[in-house]
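Look at the two complexes coming up: chain A is in both, with chain B in one and chain C in the other.
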Partner chain A sequence: MLKIYKNKWPELFFKISCSRELYMPIEKDGQIWFGKWNEDAKVRFDELNTVKSPKDFFFPQSENIVAFKAKGKNISILEKRDESQPFVVFGIRACDAESLKILDRIFLAEPIDTFYKTRRENATIITLACSEPEETCFCSTFEIDPVNPGGDIATWIIDDVLYWQSLTKKGHTLTEDVKGLFEKADQQDEEKIYSHKKGVKVILSKLPLQDLSLEGFKNGNMLAIFNSPKWRELSQACIGCGTCTFICPTCHCYDIRDYDTGHEIQRFRCWDSCMYSDFTRMSHGNPRHSQIERFRQRFMHKLVYYPANNEGVFACVGCGRCILKCPVSMNIVKVARTWEANKALEVKNDE
Partner chain B sequence: MQRVTELNELMRKKAQMLLENGIVNRIIGWKKGEFIYDRTPAVFQDSDELSKLIYDGFCGANLSKYLIQESKKEGKILALLKPCDTYSFNQLIKEHQINRENVYVLGIGCPDMIDINKIRSKGFKGILKIEEKEDELIIDTLYGQKRIKKEKALLEKCLSCKGKQHVAYDELFLIDNMISDNGSINRSMPDCEEASGLKKVGIASRDSRPKKDPYEMVEKIEAMTPDERFAFWRSELSKCIRCNACRNVCPACVCVKCIFDNDRSGIASKANTDAFEENMFHIIRALHVAGRCTDCGECSRVCPQQIPLHLLNRKIIKDINEFYGQYQAGADTQTPGPLTSFKHDDVEPYIIMRKGGHK
Partner chain C sequence: MNRTYCDDNMQEVHRRNWTHETLIPKLGIVTDIRIDTPDIKTFRVIGPDGGVCFSYIPGQCAMLSIPGVGEAMFSITSPPTNKDYMEFSIKKCGCLTEWLHQIDVGQQITIRGPYGNGFPVETDLKGKDLLFIAGGIGLAPLRSVIKYALHYRENYGNIDIVYGARSAYDLVYLREIQNEWRIAPNVNVYLTIDREQEGWTGHVGFVPDYVKELNFETDKTAIVCGPPIMIKLTLKALEELGYKKNQIFTTLELKMKCGIGKCGRCNIGTKYVCKDGPVFRCDQLEQLPEEF
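This part shows the complex of A and B:
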């Protein structure tokens, strides 16, 4: 384990940015997002959740895929892939780091999404352990450990010191480049980290959503939940916006469209939301006619369908973004509470 | 807090009476959540669900837009509307969006609405409980107790409140009416025997807080050079993630199919690209609601990126006031809108602009 004092952090950031693009939680017009670091950037390690999650780096909100150009009777196909360079994302929290594994199961399964894969390979992930969890955090429901956040390199900030532990080959390579700036952490540091982690665990045990249980979703209740009359009530207030989908680190649905630029046909891919009225629209329209069905889709996907296809892994990491940002304060927790473990039996009797 | 609890009891009773007397068959209000601040709009059908009905400083969500759908259903719905919500309600009546006969408006006093984001932006984490004490909010967090002046934690729309008067109601149910001067609660609740007739009980809520000029920031932006102004808006709008929350929540956005959702329109722009065209979404939206926007502030309240969208609307409202005379959308259901009516002495904005932008 290595350590570096706060006054030397800018030097560290600079050093990293010399060889790779460096992205960090940066404040812009009062909002915190993962932006490219430069010397004027206002780095905000204190905030837990950036508005948009780091999924953008691997699965951008919009990207060009390919273009077509017609000349006489010939159509040529133009590769429009954005060049991806090695880059570093510094300051990813445990929940967001875990979300990448959920995305991997989608994009890295056959047929492999090579756009995603290239970016994943090019990225070095430096995580940051949480010191002050929010009341909206419920990562522990998914057995995520916010004080041991994983990634290629894990870091902890205690007072004015940043502790750095390389965990993977990619992590070691980056560490080699910047090692000169660090000091070695000693026994005393280890103890400090140990008691810091213990302190955070105490707070975690006091979080209001600590008791949230998803047992009710594990018992093959798919049809009972799908057909439950509860969805009407749950979806009642939903305004069908894309906020929850777009800020969620695990939502991964997209649309592919063609656009006539006047010179060529540009095929692009962009995030889509199951909450939107034109989601998966086919010639007969959207198969989900009302907001009840669209709303149900988002939560069934996260809590029932995804786990059914992925060894019981839920497609939520408990980051709490949707709790903070939904315009009508509806969210996955309120949905999950409806079918909590102790209510699992009622589920069966619902219909 | 004690007061809020008791007032909520009275309100639940009131709602229950109207429900049981058959004056309404359901109620639209707000529902308690997991935390102190996450109130969700909800329709209540049964008396025994009413224990979840809540009204307090976190009920900023404007319920008027839900009435477009709700008023098309069978039977009368009781709508709990804050003063500013009644402007949107009137505007929707004027635009024939709400079936007035199917709504029983209970105008409720407004204690000023709190913006949880403003509290968070002070760096307060792990918020567990918020209590009001005089002009302060006492906030219990996982990391100890914090305090903030209430006026520093209000929703932007409340800072320039249009006033505590309801411009539409079937009956008024006002908080201050029930609190006597010594602060105790007057238990004789407003009766609802002739509840179907138009009536008003008591006086309007206290309205003494100094107001912020709604056009203060608009004037600052007007004073910028075109380049500065362009940079200001580009910077703000480049944060947009195109979640459409501002549009979907807006009571003036009532198109059955928005042009931005119609891929035959050629401007569907589903991909969020931060090209200048993308910003056109906001400009077009602002112009489409011009003269109809009541300045209810919902767009800015819901924006996950905290883009000050209300400034676009306020600029247009300010211009309308200057060019066509003072006008407040939603103040009543009759007055023709300045942009949807024509008078011979109407100014021509185009000529005004060409002459240097002043009247």
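This part shows the complex of A and C:
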């Protein structure tokens, strides 16, 4: 374990940015986003969640995949993909780091998405342990440990010191480059970190969503959940804006479209949302014709379908972004709570 | 200790497929366009060096596109026994298909695939008496299987084909049905149209009713494709005749973009129609939410 004092952090960021592009949580117009670091950037390690999750780095909101030139009846296919250079994302929280594993199971499954894979390989992930989890946090529902956030390098900030622990080969390579700026952490530091972690766990245990359980969705009857009348009530407020899917670190639905630039046809893919009415619309009709079905699809996918295909892993990491951002205050917690109540009722009836 | 999924070991595993990217299409050339009905045309497509663009099995699909217009999934209607070209029967019903109906021979298009599981022609269907039931353009994906079974005639039992359309003008492959399918050994073809029509001496009525009327033996394997309502009613008719769900196959159609089970569009329950389908046995469909 290494440590570095706050006054030397800019030097560390500069050193990293010399060999790789460095992205960090940066304040922009009063909000915190992952942005490219430069000397004027206002780095904000104190904010828990960035507006958009770091999935953007691997699965960008929009990216060109191929281009075409058409002349008469002839078409030429121009394979050109956006270049990806080695880069570092510094300050990813445990929940967002876990979300990448969920995306990996989609994009790195055969046939592999090489656009995603290239970026994934080029990235070195430096995580940042949480010091002050908030009321909207429920990562513990997914057995995510916010004080041991993983990644290639894990970091902890206690007062004015950043502790640095390299965990993978990629992490070791980067650490070699910047080692000179660090001091070695001693026994006293280890103890400090230990008690800090313990303190955070105490805060966590007092947060309102710590008891949230998804048992109601585990080994459940998929069709019984699907056909539940509760979806009608839950979806009633949903306006289909798609904000939840865009800020969600695990949502990964996409669209592929063409754009005429004037001298060629650019084919790009972009984020899409199962909450939108045209998501499944075909020329002969739409199998999900109202918002109930679209709303249900999003939660069924996260809580039932994805786990069924992925050894019980839910496609949610409890980051809490949807709780903060949904304009009608509907979110996965309310869905889970509804089934919790249902389960409690069932148990009562059985008795 | 937490390790990212994409750790050093995984990178090695993935490197083997480094160059493969399935979202990037290949070039196809339209070499023939046949007008089947007032709104269905069959397009013959070859690769730039001639021959098929890729190998496939009956029931699999391909993503066809006119750059700038759109890209969509179509079933490959020619059998894989034909290595000279691929055929797609396409009904004019949306933006891309309208465009395709306007192109001339020689037009280049883009193509990627094959996608989907296809029909189990070498396993579940082999050695069986086959009952094909199709409505309208629904015969397109079944044609590949029918022609495959006719090519390897000795591998399959009797073949019955029930096919219906709105009118006599809307029956696809009529010439091929009369000149090839009807005269093949142990093949029976039953045609029907929805309403009476001048000059039509054949059966009149909806496909599901005709299936019941024909009262088929229940030892066959049925393969059904057509508009959703026709499929639903035909399944009911077959069950009334005594067919079990595990004797019936069908092929589904949903909106698709990637074709590889990632973009999320054709997700029904735990399945992705583009990857796990489009061919499903009906007892498998029963396990899925009814969203098709």
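Here, the second predicted complex is superposed on the first by the 337 of 351 C-alpha atoms of A that agree within 3 Å, B and C clash if a C-alpha of one lies under 4 Å from a C-alpha of the other, contacts with A are read in each partner's own complex, and residues count from 1 in each chain.
The working rule: a contact is a pair of C-beta atoms (placed from the backbone, for glycine too) under 8 Å apart; a residue touches a chain by one contact, two chains touch by 3 or more.
Quantities reported herein were computed from a predicted structural model and do not represent experimental measurements.
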- Between chain B and chain C, positioned on chain A by superposition, is the outcome a clash or a fit? fit
- Counting only touches as set out at the top, which of chain B and chain C does A:255 meet: first, second, both, neither? both
- Please indicate which partner A:272 is in contact with in the superposed arrangement: first for chain B, second for chain C, both, or neither. both
- Task: Identify the partner contact of A:61: answer first if only chain B is touched, second if only chain C is, both if each is, neither if none is.
- Result: first
- Task: May I ask you to decide whether A:74 touches chain B, chain C, both, or neither, giving the answer as first, second, both or neither?
- Result: second
- Query: So which one touches more of the residues on chain A, chain B or chain C?
  - Reply: C
- Task: Based on the superposed arrangement, let me know which partner A:236 touches: chain B (first), chain C (second), both, or neither?
- Result: first
- Query: Who does A:327 touch here: chain B (first), chain C (second), both, or neither?
  - Reply: first
- When the two structures are overlaid on chain A, which partner does A:177 contact: first (chain B), second (chain C), both, or neither? neither
- Once the shared chain is lined up, is A:31 touching chain B (first), chain C (second), both, or neither of them? first
- Query: What is the contact status of A:11 with respect to chain B (first) and chain C (second): first, second, both, or neither?
  - Reply: neither
- Message: With the superposition applied, I'd like the minimum CA-CA separation between chain B and chain C in Å.
- Response: 9
- Message: Based on the A-chain superposition described above, do chain B and chain C contact any of the same residues on chain A, and if so which?
- Response: 255, 272
- Using the touch rule from the top, collect the residues of chain A that touch chain C in their complex. 65-66, 68, 70, 73-75, 77, 79, 97, 100-101, 104-115, 117, 120-121, 125, 145, 148-152, 154, 167-170, 222-223, 226-227, 252-256, 258, 260, 265, 267, 269, 272, 274, 279-285, 287-288, 293, 297, 300-301, 305, 308-309
- Query: Can you list the chain B residues touching chain A in their complex?
  - Reply: 33-35, 37-43, 61, 66, 120-121, 123, 125-128, 141-143, 235-236, 239, 241-245, 247-249, 257, 261, 263, 270-273, 301-302, 304-306
- Message: Help me check something: in the complex, which residues belonging to chain C touch chain A?
- Response: 1-8, 10-11, 14, 17-27, 67-71, 93-94, 97, 103-104, 106-110, 227-228, 253-255, 257-258, 260-265, 267, 269-270, 287, 289, 291-292
- Task: Within their complex, state which residues of chain A touch chain B.
- Result: 28-31, 33, 46, 48, 51-52, 61-62, 132-136, 203, 206-209, 233, 236-237, 239-243, 245-247, 255, 257, 268, 270-273, 276-278, 323-325, 327-331, 333-334, 337
